[in-house]
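Once you scroll down, you'll see the structures, which are given as structure tokens.
Consider the two complexes below, in which chain A is the common component and chain B and chain C are the respective partners.
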Partner chain A sequence: MLPPFALERPDRLEDALALIGDDCLPYCGGTELLMAMKLNVLRPSCLVDLKGIAALARVEWRGDSLVIGGAVRHASLAADAEISRSLAVLTVVEQRVGNARVRTQGSIGGNLCFAEPRSDVATLLAALGASITLASSTGQRRIAITDFVLGAYETVREPTELLVEVLVPSARLKSGVYLKHQYAERPTVGVALVREGENGVWRLAVGAVGDVPIVIEVSSLDEIDAEAVADMTDPIEDISGGVDYKQHLVAVYVRRAVQAAAEDLGA
Partner chain B sequence: MPDLEPGQTHLHAGRSVLRPDLIEKVTGAAQYCVDIRRSGMLHAKIVRSRRAHARIASIDTSAARAMSGVVAVIVASDLAGLFARFGHIVPDHEILASGKVRYYGEPVAIVVADTEAAASDALDYVDVDYEDLPAVMSAEEALAPGAPLVHEEQHRRVDVDSLSPVETGADQGELRTSNVAHEATLEWGDVDSVWPVAAAVVENRMHYPMLYAYAMEPYNAVASFDEGRLEVDSTAQHPFMVRDDLARIFSLPLAAVTVRAPYLGGGYGSKSYTKVEPLAAVASWRTGRPVKLVLDVEESIYTTRADSAEVHVRSAFDDQGHILAREIDIVMDSGAYADNSPLVVAKSVNRSFGPYRVPNLRVRGRSVYTNTSPASSYRGFGAPQGVLAGETNLEQAADRLGIDSAELRRRNLVRPGEEILHGKRGIDADLPADLEMVVGALREHAPEDQSWFASAMACSASDAGAFPVSTATVRVQADGSVIVLSGSTEMGQGSRSALAQIAAEELRVELRVVTVRQSDTGATAYERTTGASRTTTLTGLALQRACQDALSKLRSMAAEVKGCSADEIAPSPAGFALPGGDTISYGEVVRSWFGAAAGEVTGIGLLRREGATAKMPPFWEIGMIGVGCRIDPATGAIAVEQLVTVGDVGFAINPQAVEAQDLGAATQGLGCALFEELLYDGPQLMNPNIVDYRVPRMRDLPGRIDAMLAERRDGVGPYGAKGSGEGALNPIAAAVATAVARVVGRWPDRVPLTPERVWRLINETGPDDTTGDRSSPREG
Partner chain C sequence: MTTTAIAITCTVNGVKVERTVEVRRTLAQFLREDLSLTGTKVSCDVQICGACTVLVDGQPVSSCTHLAVDVDRSAVTTVEGLASEGRLHPLQQAFVEQMALQCGFCTPGFLMMAKALLDENPDPSREQIIEYLDGNLCRCTGYAPIVAAVEQAARVLGPAGGDSNA
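Let's turn to the complex of A and B:
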């Protein structure tokens, strides 16, 4: 059961930043946090609900860059008409995160900060070259997504920092595909393949299979060797598969992603 | 009142009526057990074993007892003076482990506190000192020579067939020599003489997984023990059997114990028999206050699971494909306590060889104790385990003999009326006709793209209905409305509407004036169990009798008040037609007879083993299923694109409910075929939660579903009805396994067929099976 805790519901970012710390955790959808508390893995004395803070709930364009507030829920991103026009690959990912309950409750910030390895969102954002902004009561810092996630359940975020926004640079110029093998509640393998503009480089990210996504940059699709990519991964063996099976899946999905991207080009 | 349309024979029965419980369930207004609170109520949490098998050296409860809000910490020694065990077949199940623990998750102590949080917090302060014992974590280990014993003592066993109550008293002292909890056998003819002369002998082995029934509502109960009376609200499918267990624990008269079961949030067999009620009851007995106990999902998974099974089948055929003999060996891993597993294994024996003419038969089933969580009833009751191996064996035989498997079944299926089990009720169904329905639907809707696709079918027949003991009461009120009392539990299956339909039909009243009240041992009529698909058939029969009893009383009373003879009175809607052309309503009869605007007339219906229900089983439940599966050869993922079910229910009292039962049962069966499996890693489960234990979702439902009904009015129940609810589950894993074998060219030896397993099956090197060529080349 859920142990007792105090609940704070600030509506200003400054107030939230003043509250959070080692024993007072940010709380958004609670899809990970409350489960960890029920299992007694986390036992904070207070939670700071981020859902009332307007500054964290925005989705907006800054020029060609897409800026997503840290508390925006998966379901909102999946339903966002502007995103589906300009960055359809994000829509595809968000529509298929977990299940309906997770999508309506869970936030993009919670997904990234919890750093559960089997994340579609982190994989796609890595391929998109996204970064995040961490804020504390003393200042802000921007970090590339690939530098933010250190390992399973591990990020560079300090307990006094909030993830306030996700920034996808030049999002309007990017296009891509995302494919995943999902057998249980979370993905087994996710592969994102994104192109930086019409003649730009390709960025391939493979996630969910190991602790952190791996990212490879190539100038043409022909350079992608699916077997070699599979060899680069370090799969976690679990109920959804052994190491050899997961590496095989990586190769399959990389091939499929390359094929889908090539078809998109041809279309 | 609905009118009879041409071709309709009944006013209410046979119509897809709106279920009376539907709206309140959908809006959330329905009260479940977990919603019940009592004044002065305390909360219990359970300290559970963290070992698979260990001697309890000591338990120190002092730190926990000193914590704020904690009222009591109860351990086995506090239960002195009680009969501190339960189990309706083998009373081996200790309420709290004494001496030793037999599985990870076993209750060791109860913490009772003012709040749930206080009880939860104190759990870690109960200090249990264990001395590890060697554990047996699988049936194979448990059966090995010299294996450590899970139970040293032999408890007196109840005769499974007579089901006489467990005797109390001196059942200790006898020592066990093996971990076999129960053995069941069935034999006729001479199988051994057949093997040498058969045209083909086909042998296979299948493993059926440990499963969690995943009822949405976990086990919970509120108990209140006061002055030698015990009241319990609980999530019990069989409140009367739970009452019997509780009365024995406290040596109370049955009448002093009340067990009520409100709506259940699903059961699927997992809520049959006693579970958490003794824990809540002893906690109330010790503290003198009402105690509520609510398990979480993980605790529920550790409380009951389905028996996993290793089944070995050997069949002999003549050159025309006629079965000459079948020999089957079933070993079930029943976990640390017997619970209902002896009956599950006995039923598995009966159901494993299929509804075929088998002139020579030998089946042996063993239920084996292991240091894993206790197994008990699960939807299908032994059938799914046996049918998976039996039906895939038949399919392999079809390959070997070069006979289409539908044709092979045609040649062997029993014909209507023919006996499956010698001396038992002949089959009350037309299986060859059901088979053609499946074959036809699969063929008609076969997809154009046949690459990596195959369809398959499987069938089963279960001796269902359980022991026919059932009662029902109807109370006709002074305004002519009707209360039906039944001890059968509404658990989502729609019994509340089916029983209302039967009462309205028999009494010729409108459906809306009938109210059904269920499952209160102190107030409703007695019912042995809610299981084995029996309610509509057996409770339905008892209810018909209760209605006839009420009608005959009302008729005599009408004759008395109208001064005519009962023979002159004829039935009419909601009342009687009198000589001279007048009518009188039931309400008028009641009011005139009592001489006030008051009173009621009670009708009672009793059912036992006699007459139409003398022969066992009361009815056969048919499983006849077809699936079409497509495999992604690169990942091994299976998409079930086609599903065909035949609900051979004799007469569908509520057709929509029957179709929903079939679809639900088939989907649950697909869970086992494709995804579900509880996995042990050392002493504990790897996936005792609903994120890692994968159940079917909406997206997994087949795109094409043909849910058909076969209504031949050949059942013993009301209007020719038979039960439904398990049939479509029983054969479906076998059908999926067969489809996979047809596509891959190799036979799986277990389910669930997870993508990884299918991929390994495809890429296994080794001798191919005989299923012929792959339908398309492998993807690179």
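Let's turn to the complex of A and C:
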């Protein structure tokens, strides 16, 4: 049973921004928030539903860059034809987030703002060099995704701010692979390997295994030492495995990602 | 308007429903307790088992973790909405013929999830069926008969998929 709360359903961003705060939380799909409320981890007196705000529901291209509104659902991203043509690695990730119910309900903004470490989305966005825009009633700021997530369930977002958009710069020029090890509903390890253009640097991100994704840049795939990458991770010990096991998985998946990138992209 | 109860209008299995609902009520509670549609089951209550799956505007959701007020102006389909004119839906028929259930508690969720799959992809491969249903848990059957039932239903429904009996 959910504890009592009030619900606001604004259709303008300004109205939502005027409402949110310490005790009045943004609410989109509720896949994390309602669960936290059922478990009494969060006890807000009011929720502000973001689903009626058109400005947060857009997916658009600005030149080669992709801009995704904070309330866009995983299912829309997974089904977006232009994204699958121009940034197929995002389609791969979105088609396999959780299960089809979580993809129907859950949003990209909710995924990032909740900052549950086992996120495929945050890992890929880190490799893509993405940034997010936070808005409040007094202004906006843009932050690199790697600076946004501070730790498990912790971001730099102030309670009065909303994540309004995710920006993937030069998205059309990027290509990459994403592999994950997952035996239950969330990933144990996720590895993204992305390059911009034919001769650009490679960005490798390893996520889900530690509190935040780690990101490494190399100019050629040969420079990636899978064992050394595994040593750089700081795995969370949990029901899906201990530190040694997870570091072993990281090395295996980094090797596979390098091999897949070499094959797929003719590197 | 700040409010703890909202008047909503929706259709449930094609029937128009107008109610004032407390915002903290989940869709599962609304269906089971307010509308007496007890076909939808609640098991894990944390979106992992899939027993509570219903369709909202054709898309699968976990009704245990979905506010009832969020179906305002939407069409909800529950397991009770599958059969029509006294005839089982091909998915239900296939579940019976393939013995894809034992205790039956997870079955409504599997049926609705499979319906969502076939509506989207009328001719799924075995791997696609397994992947799509991997967020639904069954403790009795060992899954193989469930996958076989979905394959059978896909053959019976043909290219029109689940939509033929929406």
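The definition used in the following text is that the second predicted complex is superposed on the first by the 266 of 267 C-alpha atoms of A that agree within 3 Å, B and C clash if a C-alpha of one lies under 4 Å from a C-alpha of the other, contacts with A are read in each partner's own complex, and residues count from 1 in each chain.
Quick note on the criterion: a contact is a pair of C-beta atoms (placed from the backbone, for glycine too) under 8 Å apart; a residue touches a chain by one contact, two chains touch by 3 or more.
This is a predicted model, so every value here is computed, not measured.
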{"item": "Superposed partners chain B and chain C on chain A - clash or fit", "value": "clash"}
{"item": "Which of chain B and chain C A:E14 touches, first, second, both or neither", "value": "neither"}
{"item": "First, second, both or neither for A:D22, with chain B first and chain C second", "value": "neither"}
{"item": "Touched partner set for A:A75, first chain B, second chain C, both or neither", "value": "second"}
{"item": "Partner chain(s) touched by A:E223 [first = chain B, second = chain C, both, neither]", "value": "neither"}
{"item": "Touching partner for A:E185 - first (chain B), second (chain C), both, neither", "value": "both"}
{"item": "Touched partner set for A:Y245, first chain B, second chain C, both or neither", "value": "first"}
{"item": "Partner chain in contact with A:V102 - chain B first, chain C second, else both or neither", "value": "second"}
{"item": "In the superposition, chain B vs chain C on chain A residues touched", "value": "C"}
{"item": "Partner chain(s) touched by A:P3 [first = chain B, second = chain C, both, neither]", "value": "both"}
{"item": "Clash with chain C, by chain B stretch, listed 585-593, 693-701, 711-719 or 765-773", "value": "693-701"}
{"item": "Common interface positions of chain A, toward chain B and toward chain C", "value": "1, 3-4, 38, 99, 184-185"}
{"item": "Complex contact set, residues of chain C against chain A", "value": "1-4, 6, 22-26, 45-48, 50, 53, 56, 59-62, 65-67, 69-70, 113, 116-117, 132, 134-136"}
{"item": "Footprint of chain C on chain A - complex, ascending", "value": "1-8, 30-31, 34-35, 38, 46-47, 49, 51, 75, 98-102, 104-105, 184-185"}
{"item": "Touching residues on chain B, where the partner in the complex is chain A", "value": "116-117, 120-121, 296, 634-635, 637, 675, 679, 686-687, 691-692, 694, 697, 754-756, 759-760"}
{"item": "Chain A to chain B touching residues, read off their complex", "value": "1, 3-4, 38, 99, 181, 183-186, 239-242, 245, 248-249, 252"}
